[in-house]
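One chain, subunit A, links the two complexes that follow: it is found with subunit B in the first and with subunit C in the second.
Moving on to the complex of A and B:
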């Protein structure tokens, strides 16, 4: 009888965990290469767990495998929102090793990086279909947001009915233009921030709690 | 007079285009072919008119000299088929002259074949069908065998490739064979005369053998299409340079998890658990 009770308790615990409001949602951080996705993921992870997600770099395609930080609990207004952050490789339609040669990289390393980046894009696209329940779409506000990749990804996200938060990153840079991003995607809310400097992160967390809580 | 209409007997030069849409005189579409070396036209015409015309018309005819050469040259089943395809005999005169040339070894082998076939099947033509598997038996059967090879050659050429170059050039031979392989095989059995019936019955079996390569080509086509569709998602411009089709990558259930340097790649195929979740 004791065994039966134990079993029942453990099943109840599992069901509670499965169906509780606290179940973390998997939030994918998407965007083109070098938009600051990993910097943002690290910022969020450090702010709430103390750990980083992965190395950041000014060289594109530093993140070539999706990295996940689970159970990031964000407290907003007395409530706790628990999310799994999935930092994804930058999505692009073209990967060229010559791009990396400008960053003092040997050709062999550049070619390997290029191959891994391509695998990373395939993986990111796969997880977008299979695994994420919400998207934080990070854009470099110093660059033109009207690109094929951005249009296509936002379109896919909308077709999936996933909640999406558009972040206009790198507001610490001079030629940043948040308005340009707002104009590009007027149907979505755009939040300015500097993930590097930590500017406007409070609003970002408010919106994360609102969108994904 | 390489080509002859089997209905009205009109002849056409080798390579003539007149006959491509049927005999201009009688509208017949059965022709027989005789290399310019000269064969017994009477015998072949007889045979052609006799209802074995379908194969006889399309099969190149063989002179007695050629027959001898071919028979002595035969060493393997495929060779046999190829030779018989390019140079079958249909005339009884040809048969006689050819059989006169046979040596005792050939006769012994012929007897062996007849015994063997007799055990398996009373139909003498069947041995012709089975012969491609063993060249030695093939050449030994007398007239029947040549008949059989004349009947079966429509299917044989596609398996064995080029025909005897002395009889006709390869382009003509292949053109003729292609037509025969597809159109003649299914139609043959109903129109046999008694003499041709056995060899006609053998033809479908030979057809099976030689149709194997034909079966492969659609498979290859499918494979190529499959590969093309896969490469649509990631195109390797050159090592280190890739173009990605994001929609294709997004829509695929399986995803590429590893690109190899040699152009191969590893994909993860969705398993049953994933499928049931969707």
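Moving on to the complex of A and C:
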């Protein structure tokens, strides 16, 4: 019985190793709150699968659980790149429920939302350390990229040798400055886009195929 | 900090400067516990040698688990925005050697506000509770 079980486990392990290279890579979409991560995740998912990943909102911490869209197959230049998209909650070092009160929320709802947000950030950090194989880092190009969260997260991603693609989102807005993001992270390539309008998505898909294929 | 007691927020803001030698003797979770205990007491903690990327990741995670409405809103943390890992050799990274030589300032989110930050300057406003 024991010998048979051991043999079965060994065969399963070898089979797993043989086929693991063909499995979709888990690509985490990371960034600060309100950078447009879910809008991007939905854009990619809709373009290639027809389904959305989750609801979008201008209120921070709309995404409070990591959501995975499996087997998104992106076709580029005759090849197909298969990825699992993991849309993660926006990372921060602080959450104050009173900020939600400004969005016409009752205290009870604001407190619940802040509690869920903290759990979501902790979950996102855990995914980053343990479960993703590449990162799409989304930044709002109308805001200052020199923030501690960005510095720390890029440092964490680099320390794990994960491939990272930096996207400068919201280029449809007047205050957008892609160069400011390029200056902040010169060691990485920065691709401009508007996930909301679908601008420059062809280049984004080319780069996803190049980085994660 | 275990040897410092009697911090009354009305008297001012306590600043703890933690030297490199002290940090080097501590395990990752000891560092995180020391930082969060200090910050939750309303202190500003300054680390001479900062944290490794992995420790920063765990600090964010543990901070999130401790946030409580009307009690603790989280932390404000500042280091210079320079990637130390970019300067490491492949061998260093292979051996798990992480450079952490970054002065780091950490305080309660409701008491410290960053006024300006760039590659070589951090300017912050610290207030009493």
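Convention: the second predicted complex is superposed on the first by the 192 of 213 C-alpha atoms of A that agree within 3 Å, B and C clash if a C-alpha of one lies under 4 Å from a C-alpha of the other, contacts with A are read in each partner's own complex, and residues count from 1 in each chain.
The criterion applied here is as follows: a residue touches a chain if its C-beta (ideal position, glycine included) is under 8 Å from a C-beta of that chain, and two chains touch if they have at least 3 such contacts.
Model, not experiment: these values are computed from the prediction.
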{"item": "Overlay on subunit A: subunit C relative to subunit B, clash or fit", "value": "clash"}
{"item": "Which superposed partner A:85 touches (first subunit B, second subunit C, both, neither)", "value": "neither"}
{"item": "Partner chain in contact with A:135 - subunit B first, subunit C second, else both or neither", "value": "neither"}
{"item": "Touched partner set for A:97, first subunit B, second subunit C, both or neither", "value": "both"}
{"item": "Clash-bearing segment of subunit B, relative to subunit C, as chosen among 20-28, 128-136, 236-244 or 254-262", "value": "236-244"}
{"item": "Shared subunit A surface residues [contacts with subunit B and with subunit C]", "value": "91-97, 111, 114-115, 118-119, 121-122, 125-126, 128-129, 152, 156"}
{"item": "Residues of subunit A touching subunit B in the complex", "value": "91-98, 107, 110-111, 114-115, 118-119, 121-123, 125-126, 128-130, 149, 152-153, 156"}
{"item": "Subunit A residues within the subunit C interface of the complex", "value": "91-97, 111, 114-115, 118-119, 121-122, 125-126, 128-129, 146-148, 150-152, 154-156, 158-161, 184, 187"}
{"item": "For the subunit B and subunit A complex, residues of the former touching the latter", "value": "233-234, 239-247, 249-252, 255-259, 261, 274"}
{"item": "Footprint of subunit A on subunit C - complex, ascending", "value": "52-54, 56-58, 60-61, 63-65, 67, 69, 73-81, 83-86, 93, 98, 109-110, 114, 117-118"}
